[in-house]
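Next come two complexes built around chain A: one with chain B, the other with chain C.
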Partner chain A sequence: MNRLTSTHIVYLVALLTVVAGTVLVGSTGRNFFSAGNISDILTGTSILGFIAIGQTLVILVGSLDLSVPYVISLSSLIGAGIMADQAGNILPAVLAALLVSALIGLANGAVVAGLKVHGFIATLGMGLIVSGYLGSTYQGSSGQAPLAFRLIGATGLGPVPVSTLIMLACAAVVLVMLNTTRLGHAMYAVGGDASVARMSGIRTTTPVIAAHVLCSVLAGLAGLLLAARLGVGSPTIGSQGGYALLSIAAVVLGGTLLAGGKGSLVGTLGGVLIFAMLDNIMSVLQINPFLKDVVRGIVIVVAVAVYARRRTVHRQARFGRTSTPPPGPGDARSGDDDGRSGRDAGTRDGVTA
Partner chain B sequence: MDIDVSTGRPSAPILRVAGLSKSFFGVPVLQDAALELFPGEVHGLVGENGAGKSTLMKILAGVYERDAGTIEIDGRPVSFTHPVQARRAGLSTVFQEFNLLPERSVAQNIFLGREPRRGLLVNRREMNDATAELLAELGITDIRPTATLASLSVAQQQIVEIAKAVSYDARIISMDEPTAALAGAEVELLYGIIDRLKERGTSILYVSHRLREIFDLCDTVTVLKDGRVVASAPAREFDDASLVRAMVGRPISAYFPDPSPGTAAGIPLLELSGCGNHQLDGVGLTLRAGEIVGVAGLQGSGRTELVEAVFGAAPFTRGSMTLGGRAYNPGSPRDAIRHRVALITEDRKAQGLSLNQSIIDNALSVVRSVHPGRTGAARRDAPNVFSSLEVVARDLDQEVQYLSGGNQQKVVLAKWLAIDPQVVLLDEPTRGIDVGAKVAVYTLMRRLAQEGKAILMVSSELPEVLGMSDRVLVMRDGRLAGELPAGATEEQVLQLATGARGVHS
Partner chain C sequence: MSVATGRSAVLEQNRSPRGERVLRALRTPSGAIFVLVAVLFVAVLAANPSFGEPGSLIRFIGRTAPIAIAAIGQYFVIVSGEFDLSMGSVVTAQVIIAGNLIGQDEARALPVLALMLVFGAFVGLVNGLVTTLLRVPSFIVTLGTMLALLGLVLYWTGGAATGNPADSFRQIGRGGIRDVPVLEIIPYPVLILAAVAAGAFWLMRRPYGRTLVAVGDNAQAAALTGAPVWWIRTRAFMLSSLAATVAGIILVGYAGVHPSVGRGYEFTAITAVVLGGVVLGGGRGWVLSAAAGAFALELLFTLLNFVGVQSTWRDSVQGAIIILAVGAAAQNWQRRRRTAASPTHDPNRPIEAPRPTPGTTEGGT
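And then the complex of A and B:
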């Protein structure tokens, strides 16, 4: 019995979304597969993609990161601020933004791994701290990205935006790290069962800290890309996007266990793609933005319900719905196999694998 | 191995423990313990829960630090503060709780934290090949290195755990109740592995509550009681009676108490006819008041499914049940409890108890949720119930996670006594608990039978099934394979359970 993995399901759902998109977008007289539309969808995947990659790591080690929106905003402001419309400042600006992001991630990781504060609380606190700093320091958009930097947000290879390519490159690196390095294996181990990891000689703090640092750096990259798109840094750009919860939703939609220890980055990318396509379809159909959230909400809950159901129904049935004659002759109790009774047959036995 | 075991009496012990002591919060749990383990020897360590076996093993493994005493490996004194250090010195421990990740592959589990690498990257092929080789050395060929651990049976997972211990080039492997979760045929598999390890010259320290295994496997037996070594001698110098006497200081006749006076099988209380669901088929049986009926069978034969169906947890979808002469079709455990049917589940920690709640809250949990009006009365009764069960605890507000296995099981029993059940279903009621607590469970079962309750007991331990039951039902592949009267032999049960040598009728 080769059962579908959750990654398969995600991409099956993504395929269904493509079909639905083709029909629905087609009904408005437009083409879902036009270069412009594909470019729109892929642009939609890039920012959420960065964050969801990082969030996957953090969730895999059994933590969460709610501080990403504020890291995004801070990174966009630091980047655009240092650039100050000078092409020569791009490199130091990018490095500075990523360094600050990494430090925030390091602090998150240290609090989670060292002080044993759950990631939910640790990063909620960090988010508030950064948010307070942003609110008290910046009144509105600030800084200016030079044209050379803005091109990153505006150009692409054919219909594929550069930002999406960068995101996919990051995904590839993280994928290799997760699947084929000791650090990656240790992340799965710590998230799956920290005491098992410890007993196997793994330093259980390292994977947690590494996941948080990587998550923050990826959020910092997302912030820089947003600065490239907007041309300026903004203290609200991260929180406006609702990226913290949306990225967690994409990770879970991708089949990663919220409790950690099980999941795949490929699944997460599928989740991101589904969200981007849904957004695109609903925008083309000019659906009320509040209804968009309703659709997203339903998708997330249905997906997790499907996974939960798959996890509980794992035993194969030995017998069918009716009695079968026992094998071999002369069994002790062949019983009166009348096969069925009026008793709740059919109501409770729906759960056969 | 560089040690010649052909003489049968190797000169130097590979592990020597002397004067080992350990206290927790001023309470001594191990006093002046001594032990010698020779190359290629299987050394049984027995004793009641709380006798200090686990503490001794954990000190050897580097989980606990000793207060006093010496540990020598190959004549060199050692001192471990972390399990990794012990393993580096050649001493691996297979703990009772699996140290494995269910969502990862067999190979990933075995090589966790020390994956073979090529450059920076993990060399997956080398890892899988090494795993296959390791398993093959243990005589195991049906476990794929790439299989997810959760897809394996409990017995296979146990084998992976042992393979992991062996993979550290262990010269000494200590195993804490490795068969606790295994049934008959699976235990044989473990015997085979231990034989292979012995042939390689590996020494094994073997903790088990099952005396049968001690006599089957061990060359030497050391008995711990109240933290002290009370006996240590070649296994052949012991028999069941003398070993139990050394462990508990009481004769074996007390092990399975006789039926209480005045116990008699009365009217049929629970009757099943042609019952089945997706795991069971054609099950028919009658359970009378005052009767203890044992259910034997291999792991996976449907024993647990049978009691779960009667308890409404995974109901029958065919056939009919009556309870006290009336139709009984529980659709949920709540239904069953309302009919005063109790199920003591197999997995006490996952299904029997809320580990981080207090003793009293656990004991009242069923009454509270199903008969809230009786909570007050149950609470008043609780101290009597606990003292009659001889629960050892600081007070009733102590969290059950800090109790020993035996005391935890008594809390589970107290929880069900509170609803005054008429039918008591017990699934592995003495798994992982010490002899003293076992006797308490047996005594309670006798008392319940005397009070006219009907008892159905599932157990993997044949001596227990045969020692306690008025009749024994044997299951195979989801059906009842037959019934045996009291006084049947283990061989008869196994024949029915495995389907060997024709079908009994």
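And then the complex of A and C:
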């Protein structure tokens, strides 16, 4: 392990944030590592964490998901609406909310993989469709989460909130899926180069659809968690948080290539942690909320810039200066022109290489 | 032999009568948007015949001008293979700058106008340089600019933008040339839009425009031909921010000064560009189709309005239409590729890849 991968750099940046946080929070006479503060930071990671895990999968397969804010709102409304303050309704409510989320994800995946619409447009359109439904059906917050469900958002094991534990459990499951199962490897392959994956015998539609379904289900979980915290469902809770763009930023901050095919879930969690710590430090320092956005924007760009240049150094040169025989005619490159996304990923890599 | 016939087939296609060429162009996604605009226009006319009167038509074009100008600006960035998400924040920032710096002082209008243009170009320059030289994905760069710029502007104004720029400045957006025979009035936004569209059309036929499309199609190949890819892309970002500035100047006129002016403009502009058949990822599409995409969106809203669709459902209809239109366009590109419609390519005669000779891979230093 003599080379720094982007994941290492993410955690170095996170460490740097911890040091800066200790100094800055210490200068106001408070302790960055107090149980209350740590619990505050971890609570901050949970919602964005769920969404960023899903977003990592979607970005890995070379797509994007901009519909998450609306899925979050819809899931919180369905969850809180079915529960209607009855503890017995929790299970059907959770199942219904997740099922609807999964269906939205399925529709996203079908449009992206089946109609070959760019993920940006497909999920932007799907988000608009759901947003229209939310706007016409719900006038304001509605439903009521029972006490037993609200406890999920309020309790914790020591300083670690239950919501963060659920998020980490989801992350562990997705991590195992990505690293050990056929589906996980297929996701990397399809994101790297769809046409090469297809010629290697991988069904290219399945990983894309699966990634979108998982992303929407995780967004649905985030919505239920927000319903647990607020006690009600709200049609604007998702879009208020700006979760779609922030989660994409967290994923890219975590070292995942926006073009797909390369990245790690562990890095994403590091990116989420950096965001949560930044928010916490700025809240403790009582920075003007508008300036928070300025800091956030600058940190996103600077942090990605730190390793955007060097990440490409680790790519092996494909041609020249090698002792391997030169590739013959009719090599893998000739398949390029039948898959737009494949060609695209190729040039992206080429540009940065 | 087949290469020769392929070439002559292309020549024949290019020399075919103008009508035939137009018909062929209409079958591409970039041409189909004009059919969509025509269909939507007829539908709006059917719903409300008075929409076709010259006076109300020219006002409609004036209303659409800012979003069409933004779409033209976004086109430059998208066709070069990048994204510009900072557009909405630039519009908001410019609107608030105009509101706060001009005030009721007419004499300040021109200097502040110049300042706004310089500021717009500067934002584009930063976006472009960070994207190209620091190699941060443009999605992230412009997302950062979007957050930082909006935050700065709101911090400056304390969150509640105030200020009412001098009336002469607002005339750019709401005024027009009066007493025109048929049209009654030609709003200034229409003239600005015409100038911007003509300029963009001209620019895309210049070497810069050709290189821009080449960079979007394959940046590596463009770099190998000697194109300064970083500077070409950076200029595209500057054009995009300048277009957002112009849209902001017009919006000050009829929307006034408010921090919500320009919110979501980046997504509307990208939607318009993609509706216009421009491919995300770069290298394909026509600049005037992007402007037509903006008109299609605006006509769609007008139609939904006249038909009496509940305003809350408009988002849903818009989303569904975007997905359907882009899906249809994607199918079209796919089919053309699969059937190898291009007469230069004969599937029975694969083009042989050049074999590297030992000297080129081992000898060169």
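What we mean here is this: the second predicted complex is superposed on the first by the 309 of 353 C-alpha atoms of A that agree within 3 Å, B and C clash if a C-alpha of one lies under 4 Å from a C-alpha of the other, contacts with A are read in each partner's own complex, and residues count from 1 in each chain.
By our rule, a residue touches a chain if its C-beta (ideal position, glycine included) is under 8 Å from a C-beta of that chain, and two chains touch if they have at least 3 such contacts.
Here the structure is a predicted model, which is why all the values come from computation and not from measurement.
Engineer: Touch test for A:V111: chain B only (first), chain C only (second), both, or neither?
Structural biologist: The second partner, chain C, only.
Engineer: Going by the contact rule set out at the top, does A:T28 touch chain B (first), chain C (second), both, or neither?
Structural biologist: Neither partner.
Engineer: Kindly classify A:T5 by the partners it touches after superposition: chain B alone (first), chain C alone (second), both, or neither?
Structural biologist: So A:T5 meets neither chain B nor chain C here.
Engineer: Can A:S131 be said to touch chain B (first), chain C (second), both, or neither?
Structural biologist: Once the two structures are laid over each other on A, A:S131 reaches chain C alone.
Engineer: Would you check which partner chain A:S200 touches, where first means chain B only, second means chain C only, and both and neither mean what they say?
Structural biologist: A:S200: touches chain B, not chain C.
Engineer: Determine, under the contact definition given at the top, whether A:R296 touches first (chain B), second (chain C), both, or neither.
Structural biologist: Touch status of A:R296: second partner only.
Engineer: Where does A:G261 make contact in the superposed view: on chain B (first), on chain C (second), on both, or on neither?
Structural biologist: In the superposition, A:G261 contacts chain B only.
Engineer: Per the definitions at the top, what is the overlap between the chain A residues touching chain B and those touching chain C?
Structural biologist: Overlap of chain B and chain C footprints on chain A: residues 319-320, 326, 328-331, 333-334, 337-338, 340, 344, 352.
Engineer: Which residues of chain C touch chain A in their complex?
Structural biologist: Against chain A, chain C makes touches at 81, 85, 130, 134-137, 139-141, 143-152, 154-155, 159, 218-220, 229, 267, 270-271, 274, 279-281, 310, 312-320, 322-323, 326-327, 330-331, 333-334, 337-338, 350, 352-356, 361.
Engineer: What residues on chain A touch chain C, complex-wise?
Structural biologist: 111, 115-118, 120-122, 124-133, 135-136, 245, 248-249, 252, 258-259, 288, 290-294, 296-298, 300-301, 304-305, 308-309, 312, 319-320, 326, 328-331, 333-334, 337-338, 340, 344, 347, 350-352
Engineer: Can you list the residues on chain A that touch chain B in the complex?
Structural biologist: So the residues of chain A touching chain B come out as 176, 180-182, 184-186, 188-189, 192-193, 195-197, 199-202, 257, 261-262, 315, 317-324, 326, 328-341, 343-346, 348-349, 352.
Engineer: Hey, which residues of chain B end up touching chain A in the complex?
Structural biologist: Chain B residues touching chain A: 82-84, 87, 95, 99-104, 108, 112-115, 117, 120-122, 124, 273-274, 276-284, 302, 315-320, 329, 331, 477-483, 499, 503-505.
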